[in-house]
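Dropping the structures in below, format is structure tokens.
Presented sequentially are two complexes of chain A, the first with chain B as partner and the second with chain C.
Entry: the complex of A and B
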């Protein structure tokens, strides 16, 4: 298995290298001059040229690419021409917020309820649980995410005042001591109950908005898979042996239905990571999505590269974890 | 756990985590208000960057020699108590106040002024462009501790009008934080070395910037109930901004939609100040290449355009330009009598004179992708020009691409939607947009060149006698209007929404889009919830 992991990581590195080439050259063929933009609307040519030199934009493309890639191996992702800070510093600031949001929403509001309701819906096929879950999951697939976010924000935060309109933590409240950079975990670990409750209040609405489509697709897929498993011989055998319903449900149906669902969850993780912009905008979540959009609109090359490679890396790692989980779920699978 | 118990648990849990607080924070008995704004502040260094959000904070922590105040705007003495220029506008002397102190207690002296101007001129970023052509670092002379003199390379009458953009930094603090000869750039990104009314309390990039009032401010405070500080909080979605001020999570918002501002103005506890700014909207036409190089075609377009649509798009919160210069500009001339308004007969007449009585050609209108107002203006332009046989193709581009295209006459679009905000109320700040020295900049995408205008712009900036200058600017406005390098559009009103306990708002049109002078704000305690 170790050899399998090493081989996969090697191919992941190759994929990221390919991604860097494509992103680097595509971002540079777009006709725009970030140096002129950074210099300001009234800047003289001399001022623009000075910035161009400072950021190495006056060098040939191949040299620029080589400088960038060799920098990465030294842990240097370049400086953002927009924020003037090292990109690694910016990513370090915004990435944990996005990752916490995505993981929390995927696990708490996507995977757990999705799988549970999917299995229950299949198990109680055509009964009231199924009748309830099916339309909810269809709505989840069709509902525009931004609309749900705005509605939740308007009703629960603005009208009822139950939860904050946006942000990650209330003003005046210090961030918990950084260990994982996830506010929920750090505040729990350090015993900072006030920060934990406040962070929880802030993450609920954005994570529900972000998770709803994932929840819907996971529910539907799990239900469909569980329905197939329900009719399988080994399940019929288990019933015939007189195994309890709960055992059959969780031991046989869930475990076998989970294999394709796990793939779906892995893919969803990648999509959600790259697609948080809408939720981050509405709920003012200080994450990577907003940083990425600002980088793109400003032609901030180094920042664009940094975000792309980071999301690519996450996709790759998530897929690897999913592949490894197959072995846990299905003992017949061997890694060679 | 029974279902009922579970429900009770959930309700109790939600109640516990609920109770969302007010926007403002009370720190040591003083109220720190929340300004929910959409634009981040990436770099606070006054030598490196400025835009409205950055200036909102820069002018809070720094002072300049002079400051723009009021409407109509006037130049007020600030760190300089008085100033004078030589008759030929080449030597400018500023006498500093003697009681000004930086936040660390150091006095603000002529040496600090010299250092600050030198630093900006050397780094060649931010506001450097304003003086780069007329002032060398060697031309800055310290006469004594509290007198500074600028010897310009050439006459430049608007010199005092740009001084408010040059903030004064404490050289001791800046140079104490210099790393590898960076002139303190790394440190000044999110620290300050100023003498302004506020100091930094907390700085969280991408989230908020928290400044608190400096009680020992050398100039004192205009009101004893002044705000204790303010939190410049980033909120990227206009709908969220509206909800925040309605729910009390914010005390000031900017940038919401015109309709939302109208609604907020009717909401109890909220007021919406509204003033025409100096930001003009125009449709710049390429005067060098393509069909719009023909002045007859440009005039036909100017006469065909439906100007009322501009007011409708802003739902009445805009005024049409009556001259190439905004109304608040010194020396502005009301040319309502000659300004272009929709007149299809005249438009067709000019099309005929251009040799295209029935039109029959296409033009592109380039605007900022995602900027709804510019798209709607494009639609109005499309239907207006269809009446004289011109087909308009709407081309949305991201801003960097627009700037790039406008930087050369060969690539500059036939028509380009451009908002322009002059940096001072001196007419030179607007007139320069019609001088070839602006080539390459986004507002020069028309590539307009008229020798007489070029001559007048150069002459007018080289004498300090205002009456003589005023005559030249009068002529410039008339010639530019006649030549029609752009469809002269409108000035949209600047609006903010404030909770009613936040008072002391003072408008000044020279400030940038949503910039507020936080120094004058105070709390009306009788209106606090």
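Entry: the complex of A and C
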């Protein structure tokens, strides 16, 4: 098991190294002149030359890559052309906001309702629960997250004024004392009720928009898997020996249907790291997605590369956790 | 002898198998719905220039006297901030979105399928190299990599298509690679080898046709996803640029005016939604008919 984890981490490191080559290629080789792009359309030749020197763009590509990658091992992702701060500092600031949004959204509005409704929908196959859940999960599949975000923001926040229009916390309210950098947890731990409520109000709409497609696919998959399990011999046996309905539902059906669903939840975590880019843009959520979009419009390549590598790391770790959870849910699975 | 009998089925499905697929496909109401929606999109796209009531509004026309008129019998979807007919723009947008979807999926499959075939069939270091490179591209959400590429190339619809195509192929490598690994062990492939057919012939004439089901299903699902991603790039301002009537770009334009003109962002959003839904239904139905064991992969 430990050997398996170590081997997976080794491969993850190799993949991230490969990813750094790809992003380096994209940022330094694809643009004809990255310095001019970064300097903007009105920059004079001297300004471009200055940026070229400042960011080491005048050196051979191999040297530039070596400088970049050796920097990363020291925790130095270079400087952002746009914010003028070290990228590592920016990432440290925006990463917790994104992680909080994605995790909250995935757990509260994706996995929990998705699994619950999926199992119930299968258990009460063709009854009203099923007939209500099925269309919702089908409709959710194609729903553009950024458009849903915009609609919710315009209707519920702007028009009805029920929830905040954007941001992570109201203006004038200071952030709770930093422990985990997740506002919801920090405010709760420090007993700051006002900040907790405010942070909760801010996170609701972005996380619903982000979670809806995930909720739809988790529901659909759980339902389909649970239907398969319902017809399995061991469930029939359980019924036959007089086990109570609730016990069969949670002990047999849920447990077995959860194995493929876990993969789906892991995959969806990865997708949401992508989807959060649009949702953060709509809600002005100060996370990695908004940072990446602003970086992209400014040709701020160090920032884009930093975000890409950090999200790649999250993606890889999430996949590893999913594979390990497999073994917990299904003891028949062995790691080699 | 049994191997030779196996050879007869290698060129694809037998007549009874085709009938079974058709029966399963047509039995599902969602497949009929999906197919009708997709056909409708293609018809709208093909005849868009003839169908739109105000062709000049598709590009940069300006009618300042009719800014942000609500939906009416003259302007079914209302008008935008410079008085252009949104119905015309959204209908024309079908053409743009389908074009983007087709190109991205064609290029993605065009690169990914041969790589997957080669990796799965030959194995060894060829497989290792191809699959590790694929892993790298699958290590981050495609949309993020696409944003990075567009940032390097500069904003615009063509560059957005290039970027999406570059991030789209790895999914095909993975799906084809997996399928080839199982097909490779089938009796008819062995028979082909025993008969002395060369590898390329076995690969493209015998292995590829047997990998078509997952490719078709994925392509249908991907049409919707590619359109959605392109709209996302348009929405954040680095995809199609105004006045091109691309749905994501129109939503982005209308965003500022929601309080006075809800219709501006609403209709193009509905258009994206229905399009993605249509391709999803079709992909789902194709999967149920062609390859019932694929539920998990397609849902992901």
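Quick note on the criterion: the second predicted complex is superposed on the first by the 325 of 336 C-alpha atoms of A that agree within 3 Å, B and C clash if a C-alpha of one lies under 4 Å from a C-alpha of the other, contacts with A are read in each partner's own complex, and residues count from 1 in each chain.
As a convention for this text, a residue touches a chain if its C-beta (ideal position, glycine included) is under 8 Å from a C-beta of that chain, and two chains touch if they have at least 3 such contacts.
Note that the structure is a prediction, hence the values are computed from the model and not measured.
With chain A as the common reference for superposition, the partners chain B and chain C occupy clashing space. Judged by the touch definition given at the top, the superposed model places A:201 against chain B, while chain C stays out of reach. When both complexes are overlaid on chain A, the residue A:102 reaches neither chain B nor chain C. Legend: residue contacts after superposition of the two complexes on their common chain; A:85 is shown touching chain B, with no touch to chain C. Contacts of A:133 after superposition: neither chain B nor chain C is touched. Of the two partner chains, chain C is the only one that A:224 touches; chain B does not reach it. Touch criterion met: A:41 reaches chain B, while chain C stays clear of it. Of the two partner chains placed by the overlay, chain B and chain C both lie in contact with A:30. Of the two partner chains, neither chain B nor chain C is touched by A:254. In the superposition on chain A, contact is made by A:15 with chain C only, not with chain B. According to the touch criterion, the shared surface of chain A, contacted by chain B in one complex and chain C in the other, consists of residues 30-31, 34, 37, 150, 154, 158, 281, 296-297, 299. For chain A in complex with chain B, the residues that touch the partner chain are 30-34, 36-37, 39-47, 50-51, 82-85, 90, 93-94, 150, 153-154, 157-158, 161-168, 170-172, 197, 200-201, 280-284, 286, 290-291, 294, 296-299.
Of all residues in chain C, those touching chain A in their complex are 30, 132-133, 135-137, 139-145, 147-155, 224, 228, 231-232, 235-238, 248, 251, 255, 258-259, 262, 265-266, 269, 272-280, 295-296, 299-300.
Every residue of chain A that touches chain C in the complex is listed here, in rising order: 14-16, 18-19, 21-23, 26-27, 30-31, 34, 37, 138-139, 141-144, 146-147, 150-151, 154, 158-159, 217, 220-221, 224, 260, 263-264, 267, 270-271, 273-275, 277-278, 281, 292-293, 295-297, 299, 301, 304-305, 307-308, 311-312, 315-316. Here chain B touches chain A in the complex through residues 14, 16-18, 20-21, 25, 27, 34, 40, 42-43, 48-50, 124-126, 128-130, 132-133, 185, 189, 204-208, 210, 231, 233-237, 239-240, 243-244, 246-247, 249, 398-401, 403-405, 407, 423, 440-443, going by the rule given at the top.
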